[in-house]
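Take a look at the structures below.
One chain, chain A, links the two complexes that follow: it is found with chain B in the first and with chain C in the second.
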Partner chain A sequence: MTEVQAGERPDVAVLRIEGRLTMVNAPALRASVGEAVEAGRTTVVIDLAACTFMDSSGLGAIVGGLKAARQAGGDLRIARLTPQVRTVLELTNLDRVLRPHDTVEAALDGG
Partner chain B sequence: MRAVEDLGLIGAGPEERFDRITRLAQQVFGVGAAAVTLIDGRTQHHKSQYGRALEDGPRATGFCDHTIRNEGILVVEDATADERFSDFPSVTSGQIRFYAGYPLEAPGGHRVGALCVVHDRPRDFTDADRRMLAELASWAQREIDRAEELDRAGDVQRALLPRETLRLPGYDIAGLCLQSGAVGGDFFDWYTASDGEVGLTVGDVMGKGLQAAILMATVRAVMRAGSRVARPAEAIAAAAAALHDDLWRTDTLVTLCHARLRPADGLLRLADAGHGLTLMVRADGSVERTGRGGVPLGWPYDAEWPEHTLRLEPGDGVVIFSDGVLELYGGAQAAFREVAAVARTAGTADELVAHLGALAGALAVLPDDVTVVAVRRTA
Partner chain C sequence: MSTAAAAAAVQVSAARARWIRVLVVLTLVSGTNYVVWRWLDSINWAAWWLAVPLVLAETYSLVDAYLFGATVWRLRRRGEPPRAPAGATVDVLITTYDEPVDLVMRTARAAQAIRGRHRTWVLDDGDRAGMRSAAEAAGLGYLTRSADWSGRPRHAKAGNLNNALLATDGEFLLVLDADQVPDPAILERTLGYFDDPRVAFVQTPQWFSNVGAADPLGSQASLFYGPIQMGKDGWDAAYFCGSNAVLRRDALMQLGVVGYVRDVEQAIRVALRRAGAILAVARREARSSAPALAALDRVSAAVGTARAALAGGQPVSEVTYRFQREVDEAGREVVAADTAGLQADLAVIASLEPRPECPSPGVTLVEPTAQWDLQQLDCREWSPLTALESVRALVAAVDVDLADEAQPLMPMATISVTEDMATAMRLHRLGWRSVYHHQVLARGLAPEDLRSMLHQRLRWSQGTLQVMLRENPLVQRGLHWGQRLMYLATMWSYLSGFATLVYLAAPVAYLVLGVRPVDTFGEDFLVRLLPFLVVNQVLGLVVGWRLGTWRGQQYNLALFPLWIRACATAAGNVWFGRSLGFVVTPKTAQGDGRPPWSLIRPQLMAMGVLVVAAIIGVTREVLGVAPTPEGTWVNLAWVGYDLLMLSIVLRAVHYRGPRAERETT
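And then the complex of A and B:
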């Protein structure tokens, strides 16, 4: 997982997931979101363009991150989902409450 | 020798948790090989070994059979000079001259194997060496105990699943839950409620292993407590509220499908919390998906769960499964297609469930828990 710069906004963190997001690295994602939020970057975008596989633990980490961001008065958004990740989100109906965005920019603009 | 069989370690293949101990032992003592052996009625098995390859062999000509006769360490500095061992094939062939072994116990206290090191030349074994071997053996012992503890947890968890088929005139009901590890997060449940309706639940707690298993038992109990609630959507909403704090603190999501069947006329009310894996196969072979449900339990904010009503006519069936089934078929689309095909050709709910069970059983390693509940109206 890498954090990428997101232009000029000091309140934004963009986290890129590479490869699989499962029980193995779910805690790392949760920790990265926690660190970003604590540093005041409370609008967090998870860029999933390079995420090839996500399981329910990965989904749990994203929802955990959302809680952390919202508690700090911010938000967490997801962008650029691969087909497998989109299927997991749709099967669990979470796509309706955690709306997927086509680009990181759209995620930053949209709710 | 039931004790050693009960451990479930023989024939289970290599395991890293034992391999790292033999690897360390071989390097610490600078010997030809190190092994964790297990001894059943006639054979000395090598559960783990590192260094020169050792063959499983008859118990009668294995050193470890002597180690387990007494408590504590057995050291043979030169086997050619010890008449207990000098005619063993491994000694006459020159493979083993030095041996040191420390017994390992099954949970009942029976000595069932050893952590041992061997070398093809005589060797001294100092007091420090003896202490080190005993220390490494206690580590191997803990791994054996841990396996036993998990197995017991697995027994308890299996006891939480319905033990008996629900006998319901005019219906045919079957269920199956296979955990990928000793314990897991899937479950199913069924019961006859006080109003004569039948309650059915399939649930999947996110994650694997003990953490999922602990929450699985909790979710099952909460859903059981909701058996008096006639409307599935209300039962799910009540469970979500009851579990909210537990799931919030553990960052856990739980997908759940809960249904109530009225046997008299086949009315099936169903609510779904992010589970999404329910198929209805009509008597004429046509397939229907139930409408979309709500989010999983553990979604931290407001949520609602819609209720869907279906009617099972004679010959119609419903299948609810967990996402472990998706991996059996390599994806969601293929799984829906294939499960529907199996439902069409299977004569009974039992046959359908057995078919999926056989598919899962054919895999060397089950990547995820597999759960299926099938209901067919026969008359």
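And then the complex of A and C:
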């Protein structure tokens, strides 16, 4: 469900989520972010264009990834949210912490 | 009460529910009539120092009666539960800290035998090798805290569950205390309620198998796991009680995310608010270095920018990211400008253990690469500017990682030692529903001696009061009024110690000194008070029919020193950050068979004073110096009631558990 793209910059990893991000695969996302960060790709973009559904555990994994990236001196950003994912984000107020970017490039440029 | 009857849980018939409403109305009408008369027409202002506390205590009791009336007004009788869905995934979480391995395994094996798809985990906060090998040999999951928890607040049982939430992935969680042996049907009987997607948890009763009919420690909470929970359920406010409950993971995780956002915003707001003072200190420390001062100016400006951005609604992670970058930039300027300072810094660094992954600052001056840029953040503490400890703390605080906590997400509330109630209230605030399923589906072990029982009660009351002081239900957005009242009812009941103190003092003052807090104890008084007392007792009998609620009534009064102490310590904890403390008692009281009299010293003193006061009162009556004969009789009856209630501690202090009781009889 998660495809990791290296990204052009050596410090960037783009993680594409395919299908559902739920309690079933949230631990796998946490692990993917952890691996990317450990490999020095500390700016992580989660590309959600193909994510059809996300639950609170999925959001939890994103928050866990944000912490991991920040503690390694990097950052985690989210891009291309589907309407359902955006709703979940707003329902939990997580949009007050993470800005939903329209494109991966915008996510990389944004602070 | 026979075991079978209790295990089935006493049901409330529709007819009884109607009678209860009638009695509630009668109680509240007669009670209001009495207390209004007391306020308007009977306070003896000459003895205001006793009269005012007494009328306040009586008002407290009337409010308590209202809250109890509201609770039992809407008893929810759910009947047969909906059918459990096939294919739900469940994690059964058994929390333990220091309970004997055999006891935990008894529960765990019963949990394995629960019908329906599930996985059983032992959550061992004691991290014991023996527990691990026993669990693994039985094919159970075994979890201890992850490395993230070392050196951070552990948050007791709430922390234990929060740790496990990230290590498991079932849709639902059945939470069990180590001693709560589940029935094989517990999931079949509860999972069906989750067909309603708004239901966050289903609570079942806690019922104790080691408690005899006499129940000298009053452990069997059949009034709570009965009419009270059913009443709260009627107001959509059934409580989660920490064990024997099934929870929806998604609801908890949502609570975790919402809580994370709240905590991050709060932490950053506080950090930015304190920034001014911190920078002032840093400025004093750096006053000899012009570049450092310039850098501090830049940090100051960054604080202003961050504040404005937050106020403008910019997402927190962006604001903090930019703030951190800005501080890094400022730090680099100092490095560039202040080579002399850098040399001094290098000397300090040389004396430290170098971290291999951090590039040497010397190299970066020669060739600042992208690589260095990235690692700059990680090695922030090496820059001369942030060597100023206070600014470093500020920079760390303006971040989104909640570095002081083991996990950014804490779904189980950690604001109280009773994490369950706080968690339930927060779920209700988010609009989640709850269910109380009135059927005993797990059997546990109650404390078997007075000391453990007192410790447990103190913890419960302290936890409830912590929640009340930290998150007052009356002002929590998201709760409707019925829910607010249900939470208030529990908290309110823990304030009873102060009222009891007045109820003990008032008859003593009358009998010994002839002080009358009420204008008259004659007919005007009795005609108003007696109907209230009688109807109130009848209401108690009808609500508590076949439940054995007498013990609970006795302890409500008899444990007044404990309730007062809970209030004092909870307030000290919440307002002044003091420790909650423990029930202190000499260890020797446990093993040598002597009753632990020191635990009930305040009650013994109260009983002594009451008896002496009664003797003096009778003597004064005989000598004809008492104010009025009816006053003497009313106050003697009052003393008798107090003594009857307090006398339970005399039985409790001798109690040695159900096994000892069986041996002697």
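In this section, the second predicted complex is superposed on the first by the 104 of 111 C-alpha atoms of A that agree within 3 Å, B and C clash if a C-alpha of one lies under 4 Å from a C-alpha of the other, contacts with A are read in each partner's own complex, and residues count from 1 in each chain.
To be clear about the criterion, a contact is a pair of C-beta atoms (placed from the backbone, for glycine too) under 8 Å apart; a residue touches a chain by one contact, two chains touch by 3 or more.
Just so we're clear, the structure is a prediction, and the values are computed from it rather than from any experiment.
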Worksheet item: Should the pairing of chain B and chain C on chain A count as a clash or a fit in the superposition?
Response: clash
Item to complete: Could you tell me if A:Gly40 is touching chain B, chain C, both of them or neither one (first, second, both, neither)?
Response: second
Item to complete: In the overlay, answer first, second, both or neither for which of chain B and chain C A:Gly64 touches.
Response: both
Item to complete: In the overlay, answer first, second, both or neither for which of chain B and chain C A:Thr87 touches.
Response: first
Worksheet item: For A:Met23, is the partner it touches chain B (first), chain C (second), both, or none of the two (neither)?
Response: both
Discussion item. Quick check for you: in the superposed arrangement, does A:Arg99 touch first (chain B), second (chain C), both or neither?
Written reply: second
Worksheet item: Quick one: chain B or chain C, who's touching more of chain A?
Response: C
Worksheet item: Where does A:Asp75 make contact in the superposed view: on chain B (first), on chain C (second), on both, or on neither?
Response: second
Response to the item:
Intersected contact list for chain A, partners chain B and chain C 23, 55-57, 59-60, 63-64, 66-67, 91-94, 96-97
Practice prompt. Flag every residue of chain A that touches chain B in the complex, lowest number first.
Written response: 23, 30, 55-57, 59-61, 63-64, 66-67, 87, 90-94, 96-97
Worksheet item: Where on chain A is chain C touching in the complex?
Response: 10-11, 23-24, 26-27, 40, 42, 55-57, 59-60, 63-64, 66-67, 70-76, 91-99, 110-111
Practice prompt. Note which residues of chain B are touching chain A in the complex, please.
Written response: 204, 206-208, 248, 251-253, 255, 272, 274-277, 292-296, 298-301, 303, 323, 331-332, 368
Worksheet, complete the sentence: Residue set of chain C touching chain A in the complex reads 166, 169-171, 249-254, 256-258, 260-262, 264-265, 313-318, 321-322, 325, 370, 374-378, 380, 399-403, 407-409
